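Pasting in a structure now, in C-alpha cells, and then I'll have a few things to ask.
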Amino acid sequence: MGESVFKGVEMVGTSDQSFSHAIEVAVKRARQSLRDLSWFIVKEQRGGLQQGRLEYQVTLEVYFKLEAESGDKAAD
Amino acid sequence: MGESVFKGVEMVGTSDQSFSHAIEVAVKRARQSLRDLSWFIVKEQRGGLQQGRLEYQVTLEVYFKLEAESGDKAAD
Amino acid sequence: MGESVFKGVEMVGTSDQSFSHAIEVAVKRARQSLRDLSWFIVKEQRGGLQQGRLEYQVTLEVYFKLEAESGDKAAD
Amino acid sequence: MGESVFKGVEMVGTSDQSFSHAIEVAVKRARQSLRDLSWFIVKEQRGGLQQGRLEYQVTLEVYFKLEAESGDKAAD
Amino acid sequence: MGESVFKGVEMVGTSDQSFSHAIEVAVKRARQSLRDLSWFIVKEQRGGLQQGRLEYQVTLEVYFKLEAESGDKAAD
Amino acid sequence: MGESVFKGVEMVGTSDQSFSHAIEVAVKRARQSLRDLSWFIVKEQRGGLQQGRLEYQVTLEVYFKLEAESGDKAAD
Amino acid sequence: MGESVFKGVEMVGTSDQSFSHAIEVAVKRARQSLRDLSWFIVKEQRGGLQQGRLEYQVTLEVYFKLEAESGDKAAD
Amino acid sequence: MGESVFKGVEMVGTSDQSFSHAIEVAVKRARQSLRDLSWFIVKEQRGGLQQGRLEYQVTLEVYFKLEAESGDKAAD
Amino acid sequence: MGESVFKGVEMVGTSDQSFSHAIEVAVKRARQSLRDLSWFIVKEQRGGLQQGRLEYQVTLEVYFKLEAESGDKAAD
Amino acid sequence: MGESVFKGVEMVGTSDQSFSHAIEVAVKRARQSLRDLSWFIVKEQRGGLQQGRLEYQVTLEVYFKLEAESGDKAAD
Amino acid sequence: MGESVFKGVEMVGTSDQSFSHAIEVAVKRARQSLRDLSWFIVKEQRGGLQQGRLEYQVTLEVYFKLEAESGDKAAD
Amino acid sequence: MGESVFKGVEMVGTSDQSFSHAIEVAVKRARQSLRDLSWFIVKEQRGGLQQGRLEYQVTLEVYFKLEAESGDKAAD
C-alpha cells in the first residue's frame, strides 16, 4: 500500500570490449542473486591499460526491491 | 578498547504520505535484520508522480556495528 | 577472458591511535569474511571527541571480486 | 517502442508552514500547465527569516513527458 | 559584436537499445522545436530494469542560441 | 499569503569585454521576456580563444516569479 | 547605500521528534544571540539511533547581518 | 616552531556596483575586527534583482591567524 | 529533552611534521577556548613547500555543544 | 621497493562517430608520446552540434608511469 | 575529418589588480608556449592578504589543440 | 611586481608503508624536475590490495612557479 524498501549495491563490471558491455556484465551478474532488480546509476567510467589492451570498467549502483517478509537480509 | 567497525548499507524507503514517513519505513525495515543500527545519512529526496498521486522516495545510507566475532558477514 | 565483477562495500573503521590504524582495523575486519579483497577508497576522515579522548574514524569503500559461480551473493 | 523524452524544469516553491508544504505548492503549480508530470528531485532546502517569520523555500527539478507530436515545445 | 545568449534545457532521452541511442532520441526531439541547437552535456546515465528488459536513460543539458529579436521567449 | 512559486532558467551570456559584461548581456536578454526576474546564480565562467581574441562566457541560473494565474506556463 | 555584509555560522540542531523540529531548535537558539538573522541553508540531514530511539540531526548554515559599526565582531 | 592555527569565517558582501566591489566590501568589514587576515576563497557569486536594480552578492570564506595566547577565542 | 544545538567552526592547523600532527595542533588550540568539543571533519589536506621544507596544512570543521543558557554566543 | 610515481594528463578526444570512438582517438594519441600508459578516468561527455552534425567530445584524465631515472620530466 | 585531440593544463595566475587581470596574466603566459590555445575554465578564485595588500589568484584549466604529428608531446 | 603564474601537475605516489610516505615519494620525484615547487593538494587516497599486501596510493595536484622567461614550457 505505497510503502516499499529498496537496497542499493555498488558493483563494478569490466570488459575488454566496451563500456556498454561492462554494464551488461555487471547487470547480468547481479541478476543471478538479486531477485527484483529495479534500476541502476552509472557512477564512474574508467579504463585500464595493460600490455597494450584496453579494459573498460564501469561502477554502478544497482537497486533491488526488498521483500516485506524476512527472506531478504537488508544487512547483507 | 577503541577499535570498532561499522558497515554502511544504502536503502531507499518510499511512502505516499511524506518524506518523514519514507525514512521511518526504511529504518523499520533495516531493523528487522540489522542488529546494531547506529546512524544514517539522508542522501537524496525524490518524488514519483503516478496517476495523480505523489510517492515520496528517500535514499539513506544506514550504518550498523559489526560484531568482532564472525557472526556478521562484512562482505554481504 | 576480460570479464569480471567486483562489489563495493562501505565500511567505517575506528581507532584511538590514528587514521592509519583506523584503516587497518577496517581492512583487517573486511578480510575475515571477504575472500578476494581488491582495492579501497578513503571517503571521509572524522574524529570523535569524548571525555577528553580523540577517536579517529575513517569511512572506506572496499571492493572485492565476485566469483563467477553462485558462491557469492551479490545482493548481500 | 521504448523511446520517450522527458523535460526537466527547475522550480522553487515557498511556504510559511513547512518544507513539505513548499514542495506541494510547487508541484501543484507545475501541474496547472504540465500535462504529464513524472517525477521530481529535491535540490535545495533554504529558509528566509523576515520580520520574525520563517519562510520555507524548496528548489525542485520537475520532470514531465514530452509528447512525440509537436504539441509540446522542448525549447520553452 | 561578440554578444550572444544561449539557453540551456534539461532533457532525458530513453531507449531500449543503448545510451548512445537514448542521446540521439533526446537530441532529435530537441531539434523539432529548437532552431539553433549548439551543444549538450551528459549529466547522468541510468538504467531501468522492468520485466527483464533494460531501459537506458540519459539526462542531457541541451543549449541553443536565442535570437536577439523577441521571437524566442527566454522565460519558457 | 506566504506561498509563491519561482522558475529557474539556465542562460549563457557571452561578451568579448569581460565576465561582468557577459552577465549583463544575459540578464538584459532575460528581462525582455521574463516579467518578474528575482535573482540569479553564477554557475560557470569559461573563456573561448578564437583567432587571438578572448570571448568571456558565463552560465547563469536565472529565477523569476510565476504568476498564480495561468498566464505563465511553468512547463515552458 | 547598497553595501552590506552578512556572516554565516554553521549550526547543528537535534530533536527526537522530526527534522522540522531540529531546524526550529537550531534557529530558535541562533536568535537568542544573533540580532539580525536573515536566511539559512540546510546542509545535511542525519539520524542517530540510540537505545531504540531515533534522533534527528540537521546541519544548517545560518546567515545574519553585521552592523556597519563595530558592535558585531566579524572574527568571532 | 612551524605550528600555527587559522580560523575560517564565512562572509557575504553585497554591492550594487560589481562582484569585485562586493568582495572589497566584505574584506574591508572583516579587517575592522580580524587582526591577522591571511587569505580568502570565493565560494559563490549571486545576484539579486529588485526594482530594476542588480545587487551583486559574493560569499567568501575568510581566514585569519589565531594568536597562540588566549587573546583570540576560537569558539566564536 | 532530546534537543541540543552544536556550532561548527572551521580551523586550519599547520605542522612541519605530518598531517596527523597538524590535526592535533588545531584540536589542541580549539580546546583552549571551546568547552564542549564534540567531533570534527577533515575537509582538506594541503602542503606548502617553502625553502625546501614541507608544511602540512589540514582544514577541519570542529563542532562543539552550545549551552542552553546564554553563556555561549552562537553569533560569534 | 613498492614506490612508484604516476602522472595524470587531461585530454579531450573528439569524434563524429561516438563517445567510444572519441575515447579511442584520445588514448591512441596519448600513446604516441606516453610510454607507460596505465589507466584513465572519463571526466565529462559533451556534444557539439554544428551544421546539423553531432561531434562527440570526451574529457579524460590519462595516467602514465614516470621512470625513476630523469628521462621523464614531471614538470611538463 | 572530425577527429581531434586537446590537452588541458592547469594554471594559476596572480595579480594585485583584479581577478580579470589575473586571468589575463595566466592566458598571456600560456600563449607564449602553447600554439593553439582553444578555451579555458575558471576553477577557483582566491585572494591572498599580505602586509595589507590583496593578491588576486585565479586557477584556470587551459585547453589547447594537439597537432596530429609528433611535434607536441602529450605526455608533458 | 605582483604578477606571477603557476602550473598544476597531477601526480600519484604509491608506497607499501603509509599514505604519508606515498606523498613524500611523489613530492620527491616532482622536485627532481620541477625547479620551484610551491604547494600541493591531496585529491584522493586509495589502497590496492594485492597478494595480501596493502599499497597506499595518493593523488596530488602539485603546483610550481613558471619563470617569466621562456625557459619553462607551460604547454608541457
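Letters are used for the chains, namely A, B, C, D, E, F, G, H, I, J, K and L, taken in the order the chains are written, and counting of residues starts over at 1 for each.
The rule is short, and it goes like this: a contact is a pair of C-beta atoms (placed from the backbone, for glycine too) under 8 Å apart; a residue touches a chain by one contact, two chains touch by 3 or more.
Quick caveat, the model's predicted, so the values are computed rather than measured.
Trainee: Enumerate, in label order, the chains that touch chain I and chain L alike.
Mentor: C
Trainee: Given the pairs E-J, B-C or J-K, which one repeats the contacts seen at I-L for over half of the pairs?
Mentor: E-J
Trainee: Of all chains present, which has the mean Cα position farthest from that of chain A?
Mentor: H
Trainee: Please compute the C-alpha centroid of chain E, do the same for chain G, then give the distance between them in whole Å.
Mentor: Each chain reduced to its C-alpha mean, chain E and chain G end up 39 Å apart.
Trainee: Just the number, please: Cα centre separation of chain G and chain J in whole Å.
Mentor: 45
Trainee: Report the inter-centroid distance (CA atoms only) between chain D and chain E in whole Å.
Mentor: 19
Trainee: Please tell me the distance, in whole Å, between the geometric centres of chain D and chain G computed from their C-alpha atoms.
Mentor: So the centre of chain D lies 26 Å away from the centre of chain G.
Trainee: Going through chain A residue by residue, note those that touch at least 2 other chains and give them in order.
Mentor: Residues 7, 9-10, 72-73, 76.
Trainee: Chain pairs that touch, all of them, please.
Mentor: So the chains that touch one another pair up as A-B, A-C, A-E, A-J, B-C, B-D, B-G, C-I, C-L, D-E, D-F, D-G, E-F, E-J, F-H, F-K, G-H, G-I, H-I, H-K, I-L, J-K, J-L, K-L.
Trainee: Can you list the chain E residues touching chain A in their complex?
Mentor: Checking each residue of chain E against chain A gives 18-19, 44-49, 54.
Trainee: For the complex, which residues does chain B have touching chain C?
Mentor: Listed in rising order, the residues are 2-10, 61, 63, 66, 70, 72-76.
Trainee: So in the complex, the part of chain C that touches chain L is made up of which residues?
Mentor: 20, 23, 27, 37-42
Trainee: What residues of chain J sit close enough to touch chain K in their complex?
Mentor: The touching residues are 7, 9-17, 25-26, 29-30, 32-35, 55, 59, 64, 72-73, 76.
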